[in-house]
Every structure is written in C-alpha cells, then in structure tokens.
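Below you'll find the structures, each written out as structure tokens.
Each of the next two complexes has subunit A plus one other chain: subunit B in the first, subunit C in the second.
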Partner chain A sequence: MRHKLTLSTVLSKTAVYGILTIAALLMAFPFYWMVITTLKPANEVYTMGIGLIPSRLSLDMYRMLLSRPQMPVGRFFINSVVISLGSTVITVITAVLAAYPLSRRKVPGGRLVYLLIIATMMVPGDVVMIGIVLLCNALKMINTYQGMILPLAVNAVIFLVIHNYTLQLPKEIDEAALVDGANMWQVLRHIIIPLSLPAIFSAALLSFLCSWQSFTIPYLLAQSTKMYPLSVAALLPESTLFATMQETLSLATILTLPTLIVFVLTQRWVFGGITMGAVKG
Partner chain B sequence: MVFVRRALRISRRQLFELVSLVVVIALLTACGAGSTPSPTAQPTSKPATQIAPTESTASLAKLTGKVTAWNVFGPTYSPVLDAITAEFKKKAPNVEVEWVIQDPSQVSTKYVTGYSTGTGPDITIDELSRIAYAEAQLHAFADLAPYMKSDPEMAELVSVLAPGSLDSFTSGERIWALPEGIGLFTLLFVRTDWMDAVGGKLPTDWEEMTALAKAMTKGKEGACGYCIFGAPGTVNSSGVQYLYMAQAAGIEYPIIDRDGKPTFNTPRAIEVAKWMYRWQHTDKITAPDSASWSHKEFYAAVQAGRCAIGRLGPWNISTFESSAMGKNFTVITYPPMTKDQKEPAYQTPGITGIAMQAKPKYPDAVYAFLKHIMSLESQTTLYPTFQDWVRTDMDFTTLMAGNPRLLYFSKPQTFAPDMAYQGNYGSILEIISRHLNGMLADANSDPEKVMAAAYEEAMAKYKELGGQ
Partner chain C sequence: MAQSARQRGGRPATLGRIHSMNGASTVVRSIWRERVSYLFLLPILVLYGVFSLWPIVQTFYLSFYDAKIVRLGPFVGLKNYLAINNSAFLQAFGNTVIFTVLSIALILVIAIPLAVLVNSPGLRFKTVFKVAYFLPVVTSFVAAGYIWKWMYEPTYGVVNRFLALFGIHGPNWLSTLKLALLSVVIVNVWKWVGYFIVILLANLQLIDPALYEVASIDGAGTLQQFFHITLPLLTGAIGLCVLLGVINFFSAFALVFVMTRGGPGGRTELLATYLYKEAFGTGQLRIGYSSAASVVLFALLIAFTFISNRAFRAEV
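Moving on to the complex of A and B:
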C-alpha cells in the first residue's frame, strides 16, 4: 500500500532530515578537521581560517611519528591492544560469572554482593589509586601488562549490563534445562550465554573502549616509556607544550581511529544490548 | 530516585541499603585515604635513611646497577638527555640508565603514588614547585648536605652554582636537591615584521608597549596585541600574569614575602592590577576572551601567528620559530612599568631542581649519575636545548653566539626569588588568580576593590594555615 504524500508530510520530513543532516555534519566536523589537519602539508596547518581542503595530502607527520625512537608509536599501539583486549576478556568473563547466579539463582547473601558491586560505581577512582599502586607493587606487577590489565578488569557497569539482560530472560528456560538433567554450568554455557550474546557483545565493546581510553591507571603503573599505551603516550608531547598542533592531532587520530571503526561497525549491537537490558521487566 | 531505583531494579528499601553502604564505604575510604598526604600537611615523618657518600669519579667503571630517571620535559628533550647518558655510559659501562617520559600535568600524582609505594624515580629533574611538594609531603629525596662535606667533587660543583640558587632547596640543615637550571619566565617576543610595518621600536616601558601593541594589530582581524594568561588557577593563570607584571614593575615579592604573608595590598601592586584592567577593557590590546586563556589557548594563538607581543621562555624559542610567525620575532626582557622606575625590573625565574630518591636501590650509581648531569660537560651539552643555566663557569659567549635571540643573556639580570617552595604559595596564588580572572571577565569591576577582596581572602587563608 502506498502512502499518500501531502505537502505537510513532505515539508515536515524535509525539515526533520535537514535538521538531522546539519546536526550530523556539526558532530562529524571536528573529527574531519582533526584528520584533515594531520594530512595537510606542514605550512598549511597554521594558516588563518579553517582550511577545509588541503592543497595536497601528506603523510609526513605520520612518517615522523613512526620514526622517532624515543616515542615508539607502534609499541604504544601494541600495548594498548594487549591491555584493552586483556582487560575486556577478563571483565566479560567475571561479569558473566557474577551476573548469572546473582540474576537467576537464589544465592545466600546475593543481594549484598549485588549491592557491593553496584556501590563500587559510587567510589571515585582517584581515591583508590594509591591502594592500586601499593597492591600491584606488592604483587610485583608494576610495569607489567598484568598490572595494568587487572585494575581495568573490574567494572560494575559491565556487570550491570549483563546482569540486567539475563534477568529478563524467562526463568522457565533454566527450569526446563534442569529438568532435562543439565547442571548449572551447562545451563550457563548452553543456554544463558548464547541467549545473552547481544548484551555480552555490547559489554565487551564498552569495556574495550573504556580500557582503550584509560589514562590514569596505565600512567601510574608504567615505569618505562615503552610500557605506555597510546592513550598515555598521545598526551606526552601535547602536555609539554613543545608539540605542534599537527603532531598532537596525528597522535589523537591514531588513538581514535581504531575505536571509531570498531564502534561504527558494531554500534547496532552495542545500543541493542544496553537498551534491552535497561527497559525490560 | 525513582529513575535510579528502576535503572538498578531495586526497591525503595534496597535503595536505602545501597545508599547506606556507599556512605559506609566512603567513610572507610576517607579513613584509608589518610595515608595520602593533604596538600597543606607538614612533614611528620623523619627524613629517610641517609646514603653513605660514594667513591670518587675514578671508580665509576666499577659501578653496577640501574638508574631510572624521569623526563618531564617531553620527547623533544629525549635526544639531548640520551646524549649525556651516552657520555656517562662511557665512564660507567655497567650502569644502566633509563629515562622515562612523564606527563607534566599528571606527574605530581605520580610522585605521590611512586614515592609512597617505593616505585618513584631514582633521579628527577623538575620544576621547583613540583619537587618541593614531593619533598614536603613525603621526604622523598636524599639529603645531599653530607655529600657536600665529604665529597670534594660535589663541594666544587656546589661552589660554582649561581649565588643563592641553593636556598630554595634548603630546609634547615637539609639540602634535598640541587638547582639544575634557572630559566627566565618573563621574556617577551615581539613580532618584528608587524613592528617594522608600522615603523615601531621595541618598548622600554608599558606605555610604549601598549601603543606598539595597538599599532601592530590595527586592521588585523583576530590578531592580539599582547597575548596574556587570564585563566584562574596556579599555572599559566591571571595570577601568574600578575606575577610577571608585578616583578617587572619592581615588586620583589608580589604574592607572598619570605614569611609566607600575602603582599599584594601595596599601591604598586594595585597599579599593576589597573594596568591589567586597562589592557583588557580600555585599550583592548589583549584577547577579548583572555579570562579563559591558559597555556593551551595562548599557545594556539602563538602557533597561529595571531600574537603581536607575548610571553616566552628561552625554551620556547625554537618551537615558536616553527609557528606561523616563523623567525619574524625578537626577544626582549619584560620592560619596567615606567622609565623612571627606581626598582629593577625583576625577572621571574623558573628554577628547575635535580633530586635523587632517598632510598635508591643502587645509591652509588644514582649519585654518580646525578653528579654527571650537573657536570660542566653535561650542562654545556644541555644548555642549547634547555636554555637555562645554574653553573656560573659555563662559556656563555660561545654558547650564545649561535642565536641572536639569546642576546638578552649578555645583559645583567636581576632575578626575583622563586617563592614556590613556600607551603602556602599555591593557595595564595590561586586566590589572587581567581579575583583577577573575575576582573578580566567583567568590565564593570574595579581593580582596587578586586585587589582588596583578594588580599582579604588571602590573609584569611594565610592565618588559616598558621600564619601570624
């Protein structure tokens, strides 16, 4: 059946799409400007005006960044990947293992444990920094990947996303499986996890993005320059005021681009997982 | 509350339980945080164990171990630091040295976590205010006084340091660091292409500077005659801008005196505030949004070539040469307020110190590396990059000949003391910054009233912190 197009419909749709287009352009512009500035020839970076289109594209700044032995950008990138992936895997595993019994089983003291986990969201991260450094030092994990991964691998938000999602799954599914002779691990592995994949997937992505952008913990725990992740290293030249704007923006682009690509490709599942857990029940 | 309860899927009673739990945890955390020193706390622990003075340089080859040193100046400085390290390695091949680049905006936190957990650096070279904080709160650094008595090389080194430069690192009998360099903060760059275009000449007082700034930017949209810091806070803020101006106006102690008492209630100090007001609201030679300018905004304007006159430190010269203004600028010291000013136009010093950890794992190697950094050879290597000095026996004629922008060094300078080591300096500076920031943002403000209000608040803070 075809909808009849009236003048008011056309006008209202045009207005809505027009506003949305302008809003999208406004939001995309800073990112475009950042990337295009890094690709400009150096003599065009500080010209008056915005300079939307460079006379030619140049990768000189990226070549310079990748060739400095004091700032091994490649190594920083690998550090970021290791720390982010490591903390994401641990976060998701622990969140699933905690969320399942707390959301679907009668566990003695479960409510208290739940509240304790939620309460960690209310404690400012800065006040526990010395404690984290002390603990990592006692465990000989200063300046190691493990030391940087573990503090990032505890995240109540990730737990909450998975907990709220699994909570809204029908209890009858578990009961049917138990009647059929499955044990708890089998229920978790073969039923709950497959059904919760949207939430797990979005939780994993949130965790990855959070770890990728994390600054304070890796900065405090790294004792050598080569152990810095990109999120720390990208700020070093800028904060000393000796970097050019192009250098700072190039590092920011290297830092942002991977997360942006991952996010754009997967944002459908991210928001799907979050909202499903939040509105049901 | 309803939203929170729904989001967390809990009842009102459970929400009450959760809030109670958070309060308990917060209280426990606050108690636990007692181990973190408060910014105004006085040292309570005894100085760390003294390290025995080491053997002479001749035995460097026998030294072994690892030295971790922090570079808070950024990767730009890494090559020159690596160069002096390579020289050290020739003398002490069995000592490993690692420079770790730090983020200066976050390094204070890292000092606290590092030194309170035993993971701080063996050696750090940093601004006086930052290492003074680490020393005051944590007694983080070794006492160098015994070395000066027992090690002739160290005694000789100290004897050639700029007179008085050791004072800021002395606490009673204890000398917890050495001055590594004194840099001038109150240099000004003046765009020569713009100045020549209007037939101007370098200013010798503030009236001339105002007229020149106006003339240079006439008809140039977006240009700023005199770019200043105007933000609140203690770093590159309106208070720091006031400090530069006041010292150039002949006030030796513009923020606090040697006893830590606020000093900005004098007619001269109020006159300085009036000049700041005048530049912002009457002559409008500063940027319209100066009240929001800290180093980032200032630096962006310089990089874009928008400033006719602005502050720079010697270390900025090469970076500014690669900005949009290129090499079209000259460097002058901050002129006095008036030509007939009796007091000298004091230069604001930025003192950098070098300190060694109180309990390093390899004390001999660390001490040897500290001496190496302070040697004439290393300081001469560092000078072209760092552009500051503290050894008086350096060959300045040769060092400066290569860059005409450094000719100001050939003129005698009168430094004002750096008071950043005083415990209440930051608090008082923050107060005057906040009030002056308000003045820059509000054309209806009255500089006299602004300074009076700032002084009143500063005196209250001074007394709160134990001042008489």
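Moving on to the complex of A and C:
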C-alpha cells in the first residue's frame, strides 16, 4: 500500500523534501554570505541591494590581511593547531587509560571515579574562569601553550564516548587474554585499543573540533598577540579603529574553514561520536 | 528495561557483602589486585583534579574573602554573597534564564520536526541534510558571533537588506532594547539546533519500525503516530536535550561577548559575561565578589542537573 504512487504521497514527499531543503539553506546561508562578502571587490561591500552575487571574485582582502606584520595570521593558525592537537592528545590518552578499568574491571571505588568525571560536565570550563586564571597564574602558565591546553583537555564527553564503546565490547576477549597470562597493559594495547579505534577516532575528532572553537580560556590566558589562537585573534580587527566588515569576516572565514572542512570529510565519525556519547547518556 | 538491568546488577553487590563478612582483608586484596587499574586512572584524576576540581574549590574559598587578583585580602564571611543581591546581577540572572528557556524551547520546536522528517523511511540525501544542519555546530562562537553581528548590521547587513526587498525598514537588531536579547537567542538557536537534531535522530533510529506499521494498519494517521508513538518514546532524549541546553546556555559567554558585550543597557548581559566583567573587565578585579556569583551559578547548575536526573530516571 505504501508503494502506490498516489497524488497525496507525491505531495507529502515534495513537502518533506521542500521543508528539509529550505531548512538546510537557511542553516548554510550565513556561511555563504560570510565567504562571498570577503571575496567581493571592496567597492561592492557597502552598496545598496542585497548583493549576494558579486560582479567578480577577488582575493585582495586576504592578500592584505596576510601581508600585515601586526597580524601574523600564520602564527595564529599554528597556535590554534598546537592548542587543539595538544588538548586532543591529552584528552584521548587519559580517557582511554581510564575507560579500560572503569568499563571492564571491578575496581573498588571505580564508580566514584566515574561519577566524579561525569560530574565535571555540570560545571563547564567557562564558569570556572576565575579559578582557572588564578591556578594558571600560580603555576606560571599564563601566556603558555600548556596553560591553554591543559584546562581544555578536561572534557568528560570524550571520556564518555570511549567508555560507552569499551563497555559494550564482549567481556570474554580480554578475560581470555588475562587467563593466558597477558598483563593489563598488554590487554589494553593489543586488544582494547585496536577494537576501539572507531570510538577513539570519533572522540579525537570531537575533541579537536571542540578545542578549535574554544574562546574563553585562550582569551584569558594568552597575553601577547603571538600566543593568540585564531579564535582570539578574530577579535583583533575590532580592537583597532580600521575594522571593516570585510576584514572581520575574512578572519572569521580563516577561523571557520578548517573545522568545516575537517567535519565534512569525517562527518560519519563525528555523528558516530555524538551518538555514542548521547544515546546511552 | 533499565529497571531489570539494575536488579540484575544487584546480585554481585549482595555477593560482595557476603564476602566482606570474611573481613576487611578481601577489600584490601581486591584493591591490591586492581593496583594497575589505579595507575591507569591516575592521569585523568590528576588532570581533572587540578584543572577542574581545584579551580572550583578555590572559587568557593575566595568567595569568602575580599580578594583582588594579587592578594587574598581579609576574610569577609558572607559579605560577597549579600552583595550579590543587586540590580546588575539580578538583571544578568533574569536575562540568562530567558536566554536559556527561550533557546531550549525554540530549539526543540525546530529540532523535533526536522529530526522526524530526516528520519522518514526511504529519504534520500539524509547525510546532506544532517551535514547542513550541523555546520553551525562546528563553527566557533567567535566566528558565529561576527557573522551574525554583520548580518544584523542595520544599514549594510543582509537581514535588513532582505527586509528592504519587501519595503520593510528593518530595526537595529542588536541595539534596540527590546530586541537585543531575542536577536542573540536566534543566533544561539542557529548555532546549536543541529547538535540537538543529531541527538534526537540517534534516538529516533532506536524506535522499532514495526510500531508504526501496526499503528498504520490500525488506521492511525501521521500526526497520531507522531503524538502517540514518536513523542512518548522520545521523552528520555528530550530530557537529555533540556539538560544539555541548560548546562551549555546557562554558562554561555562567547556569543554575547563578541556580539554585544552585554549591551544595550545590560539587556543581553548573561551571568558568565557579568562574572567576567566584575573579575577582569573593569580593572577593579573584584575576584571575591565574582567568585561568590560563580558559586551561585555552580549551585544552580548542579541543583538543576540533580533535579532533572531524578525526573529523567522516574521517566525511564
């Protein structure tokens, strides 16, 4: 009955595709507008009319931005990469190490450790900004990479993604290996990690996308321009008097494109990671 | 189902109790047996202890002192907490509640139907739709804030240009007192809705399709199926969405910081931007006072999580 092609099913199908497409265009439009504004010839930015299709595309704005010595965009980019990769590596390693005993062994006090980790989700990093600034000040980590990386490495969602995955691997595999005389480290390295690679990859992607966006902690801890990641450097045009729409949006584009590209290429694992973290939640 | 799992989980616990009657030595022995496990737990405990727990404890401690950033200052008891009862804090608090509730409500109203439509059987380009909805989620708050700040720009921004096509003179979105908070909420909804669609979608895929077949044989229409099958089975997922929304929106900072800095006239001031201003923004460095305000914020978040957890569990 469902496969019969009646007028009403055609109409309802059209409606479904129509609604989904309009919603998708609305969600994606701001990105189109951002990119097209930065590629317009400068004299077309402040003209009347909606201006969605420029007369020609120009890279002048980017050329100007990259040539300005007080705006080391390359350095900002490297800072973002260092901070995001650094916190990702630390988050994932600590999460894998903890997830194995917590999900697969009866550790006295393990439940308490699990709850403590999960509890940190209730108090996001931005809310503890005073405490983090004072701590990093005491540890002499203001304006250093480690000062920005370590607070960002606290991310219980990443732990949950890996924990929920290792929890559902069959118990027999590592028990058999332990009976055969393997130690915990060998089990982790040769059984748990290889079997959990999809979850570890998903978790690493989520962590990377998350730290790349982070603003509050780097903003408070990076004091000199050369330590700014892109997310903080994007504020620079506004702090000078010559801020233009094109300049601000060009930096926003440079800040946005890397995560958009990474996400589009790896969407399967990103969605997988969110599902793993949320369905069992 | 969760109930029976918990009952099954109860058995080893009773066994453990019988064992422990033999003496504390079994506990010691099982701790010794798991010594490598503790070694594996050490890195995450140190990391979370130092960079999450310690800052929270320190904030709590400082909230009782007249602290400036370089020195602790005298102990002042509850003075900082009593000082919280002022109009600026209460305005930020009220704005945060409106921001959070309005964002969650709008997101659910948009995300639930979209997730259901994306989940419709035989739909093509499912991934394309999901990816499009998720793009804002992987965009940094700073970029999102600037994109929309310029889209909202009263003369050259694309929003008012679009309205002008229909002869409407668009308002100044971010500096009109009554509109500013709503304008920021719209951006927040755009930024987050895709995340909630993906969570809802993951839970929709767990619903047994046979339920819909039975319902349609019984003559239930699409809307009836939505209200009698889909929505009740999504209750848990919606609860999770509300919880995630409260945790993230109650502590929202970057979006407002980039777009309005809390203005006009404090109309978009949120708790997190207020805390920032009091602690670092004005040069007064009122660390003790801001710490007290942070503690109030923690307490609210923790209380809400516990309450919703209770409600959530009762539901399952």
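One rule holds for everything that comes next: the second predicted complex is superposed on the first by the 246 of 281 C-alpha atoms of A that agree within 3 Å, B and C clash if a C-alpha of one lies under 4 Å from a C-alpha of the other, contacts with A are read in each partner's own complex, and residues count from 1 in each chain.
Quick note on the criterion: contacts are C-beta pairs under 8 Å (C-beta built on N, C-alpha and C of every residue); 3 or more make two chains touch, one makes a residue touch a chain.
Just so you know, these numbers come straight off a predicted model, no measurement behind them.
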| item | value |
| --- | --- |
| Clash or fit, subunit B versus subunit C on superposed subunit A | clash |
| Subunit B versus subunit C as contact partner of A:Ala23, first or second or both or neither | second |
| First, second, both or neither for A:Thr256, with subunit B first and subunit C second | second |
| Contacts of A:Met122 with subunit B and subunit C, given as first, second, both or neither | both |
| Contacts of A:Leu7 with subunit B and subunit C, given as first, second, both or neither | neither |
| Partner chain(s) touched by A:Ile53 [first = subunit B, second = subunit C, both, neither] | neither |
| Partner, of subunit C and subunit B, that touches more residues belonging to subunit A | C |
| Contacts of A:Leu150 with subunit B and subunit C, given as first, second, both or neither | second |
| First, second, both or neither for A:Gly131, with subunit B first and subunit C second | both |
| Which of subunit B and subunit C A:Thr37 touches, first, second, both or neither | second |
| Which of subunit B and subunit C A:Leu220 touches, first, second, both or neither | both |
| Overlapping contact positions on subunit A, where the subunit C interface meets the subunit B interface | 46, 48, 116, 122-123, 127-131, 133-134, 137, 215-216, 220, 232, 235, 245, 278, 281 |
| Footprint of subunit A on subunit C - complex, ascending | 12, 27, 30-31, 34, 36-38, 40-41, 43-45, 47-48, 50-59, 62, 69, 110, 113-114, 117-118, 120, 123, 127-136, 138-144, 146-148, 150-151, 153, 156, 158, 161-162, 165, 190, 193-195, 198-199, 202-203, 206, 237, 240, 247-248, 251-254, 257-258, 272, 275-276, 279-280, 287, 290-291, 294, 297-298, 301-302, 305 |
| For the subunit A and subunit C complex, residues of the former touching the latter | 16, 19-20, 23-25, 27-28, 30-31, 33-34, 37, 45-46, 48-52, 90, 93-95, 97-98, 100-102, 105-108, 110, 113, 116-117, 120-135, 137, 150-151, 153-154, 159, 183-185, 188, 209, 212-213, 215-216, 220, 230-232, 234-235, 245, 248-249, 252-253, 255-256, 259-260, 262-264, 267, 270-271, 274-275, 278-279, 281 |
| Complex interface listing, subunit B residues touching subunit A | 7-9, 14, 17-18, 21-22, 25-26, 29-30, 32-33, 35-36, 68, 72-76, 78-79, 82, 98-106, 109-110, 112-114, 116-119, 222, 295, 299-300, 303-305, 316, 319, 322-324 |
| Subunit B-touching residues of subunit A, taken from the complex the two chains share | 46-48, 68, 70-71, 111, 115-116, 118-119, 122-123, 127-131, 133-134, 137, 142, 160, 164, 167, 215-216, 219-220, 222-225, 228, 232, 235-237, 239-245, 278, 281 |
